[in-house]
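Next up, some structures in structure tokens.
Same chain, two partners: chain A is paired with chain B first, then with chain C.
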Partner chain A sequence: MDTSNDLKGVWVFGDYRNYFQNRVTLQLIAKARDLADKLNTKVIALALGDRVHQWAMEYVAHGVDIVLAAEHPDLKSYQVETYCSVVAPWVEAFQPQIFLAGATSFGREFFPRLAKRLHTGLSADCVALEVDTETGLLLQTTPGFGGELLAEIVTPDHRPQMATVHPGVFQERPHNSEAVGRILYPDVDVVPETRVKLIRSKRQQTRQIKLEEAPVVVVGGRGLGSREQFESLFELAELLEGEVGATRPVIGSGWTEKERLLGQTGKTVKPKLLVSIGASGAVQYTTGILGSETIVAINRDPQAPIFNMADLGLVGDANTLLPLLIEALRKRI
Partner chain B sequence: MVGFTESRVSAHHNYLVNDRLTPGFVVGNPNSDNGFFFLADSLLPGQDTPLISTRLVNAKGDTLLELYLNNIAANPAGCTNQSLPRGFRILDSSSEPLLEVLTQDFPMGHLTRIKARLFDEHGDLRIGPLGESIQVQGEAKLILDAPFIFNS
Partner chain C sequence: MNIAVCIKQVPDVPSIRMDRERMTIIRDGVESVINPLDYVALQAALDLRDRQGGEVVVVTMGPPQSEEALREAVAAGADRAILLTGPAFSGADTLATSHVLAAAISKLDPFPDLVLCGTQTTDSDTAHVGPQMAEELNLPQVCGVNEIHVEEDYLTVKRLSDGFVETLQVSLPALLTVTQELCSVGHLPFGDLEVAFSEREITQWGLKDLELKEEEVGLRGSATQVWKLSAPPPKREGDLVSGSPQILVDHFIRKLEDLSILDEEDGYK
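Our next item is the complex of A and B:
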């Protein structure tokens, strides 16, 4: 086995801190598997922390060939400086072609710093990744210019080709209990001191919002006009046994919590049914709903871009149609 | 250059040895008629109980206990097999623990940790404590990808 050569493949940063961070890692492993097969190379996942055995096993079950594992008490908390100091020498030593991470709060802080240190580029918040069959380069699709267009980015001159990807963009592979992989333990004798000292951490107590798992998502946009109107979406979502999402202007107006944000800077969903109400359909929003099976849109503007992707469109005032819709559903249930 | 050590990892079940994951390992020769050996066998998908076979000996080479796939096969020294939640413990005749095997269950897999201090027939320490697990000394095969095949 030529380990050095094998490690030049597609790397995925393992972010396993909670359910959603772990899901995006598994989703990226699935995409990395697809890319690596096209490039005839290996998938390598990084598992750093104070106890990483479980995650090493899970990553192998989901399609990883090699796990790079580091266990150290100082890696328990996700500190960007510490993680950069550990991972950057690995990248420099093993020279992966591609390096992916979830666009989680940590990934968005960690990857730009790592890319800067490695003198390479980074495409943030990608919504698609493919391999150019002629050049072998990674085609990184990301919303650009404020979300007005989707830009396809390549990194021809520097390595690795780095990208962050939203949770929910890719589908994870099924768990394969029969899989066996290789696990490498690089030397991590001393974890460099960080300028940030973690005194204590406490998980924020918030209502659980499981947008990515919901089979039905009702999304409200600025067209609803007020917080009160937006809150009526919760009744509709409850009748449909779904969750409520929001566009950026709604979050900006403080009508609901930011955990409900969909799109470029928020979550990506793939429900069976998505009901979009009072949202025009700007690209920065629609990138988060592209995978929906059926989209029903309500908007007063017949020219609104949301109708270009909707399976069923209703032109009308959301505040008139919404109570009618709720009433009709109540009668049927 | 970054140095590293390498092992194998099963998606389903592993042992922790020398601070490394491994699907299975063997110290000594389980097919020999005498002398110390210790086998932590590789499990097939669906199996969630580690399979331990061992011959424990004293410094004269006398057999203290033979364990075959977790069951006592010979017990001249009067050892006791104590059942634990997700594991077992072997005690000698004076109730001192010789060997402890405990499995941790994850949502989609299992990890077994072993605690032991075992010597071979020459009085050399072959398996000793290391943190939460064990360190293997001397000649051993630290990676078993498939179940060990016994001669008989």
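Our next item is the complex of A and C:
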């Protein structure tokens, strides 16, 4: 069967090292499906590693038409140069139109080097992707200047059109075990990077924080004034069966762990309810909460930009209101 | 150890303006600072040089006013500074920018043992230029480094990558991009301003010095184009309530009921 035409479609780099990367890959597959349907082409996912069959099956179940797989002991650890030695020749041979990767640590280190080798354009950490109906070009929306503006980037003449995508902006499709797809193992010539050696890799020891899945997220900002005040958010979050998030100044002050950071350099959440307390609403933060179904904001300053995006804004002092809210909720639950 | 540090002068975010015709950011006339993570890279380079010997060369591509950033770096202790400037360089994406910077690094004599950059800049936040230079210079790369230890003829570095703490050995020459955690720099000492502003020459290299063609650099050498610039998505039209704490708490509780997060209480006032 001649697959060469099918392989020219929309490619997604399969990044599966941990739960978070696994999810962003599935989100990208869903988006790639939309784009491919509009362009009347196929979705192709890449799976590289020492054993990748289970990932290839997972990608098919989430909507991929073809998986390009490579199994080799040297592909076991995520190494930029080694991965380039496999993926760059594939791109040159099969000529995809579009190539997407999650903006994970690895994606953001691997894709720039790959794009340079392929001499093509790359946009970083996109928050939206669309096809321009007139030109068929991929419109890649990326925040600039700390989110002060959004730029739509295009790659008019170079191929593939490459982009890394912010985790959490697209919704993955449900797992469909009936789905049918092909898994191909093209010839590979793995060239291991010998100049960089991974000596040790240890999973970072942190408490599991699943902000992205919490139905309610309570976010604290600098306006809380102290670590003690920030910690009282945990009580409120617990009463609402939610999780606690934080803005960059809070992380900078060391009031809580980095994993709670929301916004452009942190996580994107889409809870049923987001309660923002003592955060003025800098765009770096609000880009991470735009998808929330309902936003309730508490801030002392009626002019605070956070009120522009709140469904309910309460003008008041966070530290006065917080104990009262906790008390009122205790009475009700 | 000879180290090249690539820095970028970034505009002060609140005062940015756009060239609507060319759809690029106008950098002239906007107050500018050295990109914060590039400060970290510079400080690390100066520390390494002080312990290992060698020299620190600072390189930047930008309009003539970027010379200020280089002067600041020289005042902090850099040995040499090179400004890559010329009208052809403007409007560059990361592909074209890394091409010019890589051409300049290749021209350095001696070729540096280590190239350091901040992981990303505050203006465009791509984190592309470091790895793209490494590719063009055929150097090994490690991005997001937060610890550097010098061994005999290699470096041991640490970083956090996707939830894993990684320890890596990198042979030299190499390119590293560094994060805020590398060292707490704060503000660099002003250093010897007289040295910075009078004695030391800032070398300037243009298109011809780098033996590049116009179509390889700037807007023409870029693979990406800005199609449209826009402000972030539309605002929500919500209710803004002020009043006594009790009124605010009541509104909050009522909202929770509306969303069925709290069950509606019988006879709630």
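As a working rule, the second predicted complex is superposed on the first by the 326 of 333 C-alpha atoms of A that agree within 3 Å, B and C clash if a C-alpha of one lies under 4 Å from a C-alpha of the other, contacts with A are read in each partner's own complex, and residues count from 1 in each chain.
Here is the rule we go by: contacts are C-beta pairs under 8 Å (C-beta built on N, C-alpha and C of every residue); 3 or more make two chains touch, one makes a residue touch a chain.
Fair warning: this is a prediction, and the values are worked out from it, not measured in the lab.
Look at A:E193: by the touch rule set out above, it reaches chain C but stays clear of chain B.
In the superposition on chain A, A:A179 contacts chain B only, with no contact to chain C. The wider contact with chain A, measured as residues touched, comes from C rather than the other of chain B and chain C. Look at A:R330: by the touch rule set out above, it reaches neither chain B nor chain C. In the superposition on chain A, A:K202 contacts chain C only, with no contact to chain B.
Of the two partner chains, chain B is the only one touched by A:H53; chain C is not. Once chain A of one complex is fitted onto chain A of the other, the partner contacts of A:R227 are absent, as it touches neither chain B nor chain C. Within chain A, not a single residue is touched by chain B in the first complex and by chain C in the second. Taken together, the chain C residues at the contact with chain A in this complex read 11, 13, 16, 93-95, 98, 122-132, 134-136, 140-144, 156, 160-171, 174, 222-233, 235-236, 238-242, 245-246, 248-249, 251-253, 255-256, 259, 261-262, 265. Across the complex, chain B is touched by residues 3, 53-54, 56-58, 60-61, 67, 71, 89-90, 93-94, 175-187 of chain A. Looking at the complex, you find that chain B touches chain A at residues 1-12, 14, 16, 19-21, 23, 45-46, 106, 108-109, 111, 145. For chain A in complex with chain C, the touching residues are 17-18, 20-21, 78, 80-81, 104-106, 108-110, 112-113, 115-117, 119-125, 137, 139, 143-158, 193, 195-204, 216, 240, 264, 272-273, 283, 286-287, 290, 294-296, 298, 302, 307-316, 320-321, 324-325, 328-329, 332-333.
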